[in-house]
């Protein structure tokens, strides 16, 4: 029984991805992306997203996000995002490093979702400040968000409309994009470029890969010289096929979606079950695979004592109890969830 | 028969490394290097190098080199190196990017090996220029060099003595360190920190791994905050065990040395055999796994026509013929070499 | 009559400073700070601040602040400041640029003054995040603040004590330091290094100079290599005496203090007079030379119509009227103030 | 008598420039370049260069050069220049800092003038290296060169034709542009944009100003967002009129040309006179205001003993004697030159 709910990155790679890595281990293969698997990946992503794309596999989400933002923002630019977005709080300043000192312009949001009105106001303020303010350069949205919520297609469209009106390209941090997509129930295209998204960090590591994310440009013109950014950041593998094959397997037979569905279902069930646990108030809508809940301090401690792992979330203000985050994954079984709920009910 | 001599990065991962990757695929493992394999790696490298070390696995040589140099040089610093070092010519400006604009100060060298006297003169000139010149900050040596030669221990000691005298820490780009070590026939310690090397980029990708290099600090105090540099560059994997396990396997049972020996032997045999090929002059001492040779243009073209792959090396000035580079690897067999020589003799 | 209250940077240089510039125009003078005036400046600042100092004149406040912060924070660091500090909102990202991607960590404050408790909480949070968060690197305080308020010596001591406890050096943005000092009524030493300040951006441009600020390190060891940072930023003048002479004149005969006193007195009188103007609520304590006031929209427009210049301050939330900022300077006369008040009363 | 020949930056500001600074000292003037003098400057430069321009005054040559290059080169780019160009050797890495890690690609040249053929070869090599090499991004030429020579209009045209063919914009470091222009005897337009130059660092500090250089874009479209680069580098003065007025005076009544003519004439006379000094071989054509000469070591030392100041130039290889640099300026009189020659003849 798996009692680790700290993150979806504590998972193993799933069987299909491991098989692909083993299968990719041939010799005499052209290096630096000149291989066949990498070529097939771009074609496959184009098929999945129903449009021409430029695709750049990298090993980490931080690399994907920071490289993408550096491509969108000049060094004297600002990137609008939720003030506690992963790019702002968990990447040790990577966006500013990759983008030569560009800054993140954080906007507050109780549920992790910023609004079109906020964005419009912020851009207008920037323009009124002229040369003293960084240039409004891009919008970055996390989907699913840091609070396990999901932007609806309408919310996305409203935000990207403001961005487009001011000439700002739009980045989506999709470390958990598959989880959001399953929730939205629409096509990948409808969830991204048809809603105004220009570049997607498509995550796989949290949802079944060893180490694979893809920077996907829906407008190849936006990707000009991106390959040099990747190279000089040390993110171009000589044996790139070992990244590409993971992403190919990930997209094969809808593996990404079935994995994400498993994770989301577990989270939904977890949240539902917590309704029966005295004092364990769920703090946010559970749209994807994260549950934020505020059990009494004693219950949290007792669960930890019982061998469950999860993070306390001190920055989340709660009136009573202690905020904790429970993350499910493709590897979370119904039994894992029942095990947690059973113990929680018992200890409550 | 393998007819690809373009680079040692066109190789597959070797069996022991692949087995280790598969074995590392457990779940519930702490992320970001909190796992047991990563802990074992540091202990293992300490054992191999007979000293306390701080070890940071990354996926590419460019990342290892650029992160190491950024740690050694302030943004207003200069790093002395061979003017056509890999860091200067093949990494798309990565050192300057990672080190915030620091510059590489290239010194000429016919065989890829700079000298202590050159270094001393250059540092003195810098001091005479004062604040107008970047601050002499570090020395970077490639071992084995870009020309397939190897610094002797005495040459290393002379260079690092000058560096130490001026307070410059020393980095070694060891993308092919195992090849050099086998050539030197000394211990890893004698080839590095006992000769004044402070930080080593220890390569494995070219010698049997999928994607693994390690930044090895022989003085852990020099590594202060290095983990943040790695994180913000997107080079900290959440599932770091998949990198660590490769390096563990690489160092197990002297795999790295037997692999390198295979590659070196093939190169030596290749160079020897070329002596019998009319007009194919070997241009540099073959100390490791690279052979630079200047066959007549027609012979080079005929070999390519026959299915052999190798790079032309136009920057290498030759009076007659065309300079080409032949790289052998752990996967190059005696038969591969004989095949090449047989064809070369036939076509010459 | 001067009706321009937009900023203290619309002023001329005062007579003593202009005289010094003209007097400095000799030939055959050593360049790049090797001149006598620059040497005298360092000695004079040491005298004024009663301690050993390292002093670096530059032409703008943005240069002084960004260079100082780059000296204090590594590129993977974070600098705590008020969320709407000048360095965060008015310098087009200069701190991130100079510090290689370091980020500003903004804390909210209704009156522009952050508190020791806020700082302690923020640093603790950073430590709990480990390598994913930028390293807490420095504290930057604006004195006088962006809202025309002034930190008391006790407030400064409390803040710098928290910083010191966590090993963070402290920067003070003193674009209006003289205005704050006059308000505090203590010695320069008591307002800075005796209260835990390590580096001061000492402004002169807003208070009587053409273009002169000084970066003052109270611990010369902290200034190591700072001269190279200044040089590579293009802020080392070849004829540096033309900057040094301005600062010498500024500190001569307490010119800086008498100029600041004039500005502060004008602001205080302006605020007092506004009490008699119907509906013109003063929004912040007037500790220095800035008055934030919220007249009815019509009154603001009528004053502009009458030839007065000032900035609207839309980010300042007011329940009624419109927030505007009135800035006085050393060149603001009692008549200028009376003129404004007379018109305001008339138009109200 | 002025015996200081170290540099043209040890000069005072000339009378007309000082008068302009004094005259600019009005109050109530709009800040940050909103003033009338700055507007007039742009119009005046357009008139002088007979084309539409965007003009940005800054205080130092390093700022002008590094800002211009950052505008032309992406952070993953390379700028071709003479390997010992001022930007490469005397600005403490400023171009790499401002351009986010971009690198200078130095080409050798015995007289400081690189050739079109060299440039073409270097660009072709870069293209053959693909993503591993920085992207060829710009060409930077120093005019007059670091060796006191001057590119002819034909040489410029050949170089910029290669650059244009490969899409590289061209920067001219004109710290001594007026000296070159006087030598060429053509119009400012013919020496710049009509010969393919896109951006000029127009120097004034060495030729009569206190501290003033102008970045001149001959294609305003190339200057997009340049104002934000200047601001975030701390090079936008609040009282910008004090820079603009210097440049206006500099261009008034051909002051820049008459000053440069004075300097050049002195250098020419110096070189001619040295023909009569035993053993003092002039090393380079004297096209502008610098004389490189190799007197016997004893003569050099005796001249220093006699109170003359000049720099030894150790990087200049001479077979006999010691290389020294003598720089004349607008303030060098015929008497100063005769004084030097008389002593030299006497001591030789």
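Labels for the chains are A, B, C and D, by order of writing; each one numbers its residues from 1.
Definition applied: contacts are C-beta pairs under 8 Å (C-beta built on N, C-alpha and C of every residue); 3 or more make two chains touch, one makes a residue touch a chain.
All figures in this text were calculated on a predicted structure; none of them were measured in a lab.
The interface holding more C-beta pairs in contact, when B-C is weighed against B-D, is B-D. Among the remaining chains, C is positioned farthest from subunit B, on the basis of C-alpha centroids. Between the CA-based centres of subunit B and subunit D the separation comes to 41 Å, rounded to the whole angstrom.
Centroids of subunit B and subunit C (each the mean of its C-alpha atoms) stand 50 Å apart. Shown for subunit D are the residues that touch two or more other chains, namely 75-76, 91-93, 97-98, 100-101, 131-132, 134, 228, 231-232, 236.
Only residues 2, 4, 6-7, 9-13, 18, 21-22, 25-31, 58-64, 66-67, 91-94, 97-98, 205-206, 210-211, 228, 231-239, 242, 331 of subunit B touch subunit A when the two sit together in their complex.
The residues of subunit A lying in touch with subunit D in their complex are 32, 74-76, 100-101, 131-132, 134-135, 225, 227-229, 231-232, 236. By the touch rule above, subunit B contacts subunit D in their complex via residues 75-78, 89-93, 96-104, 125, 128-129, 131-134, 314-315.
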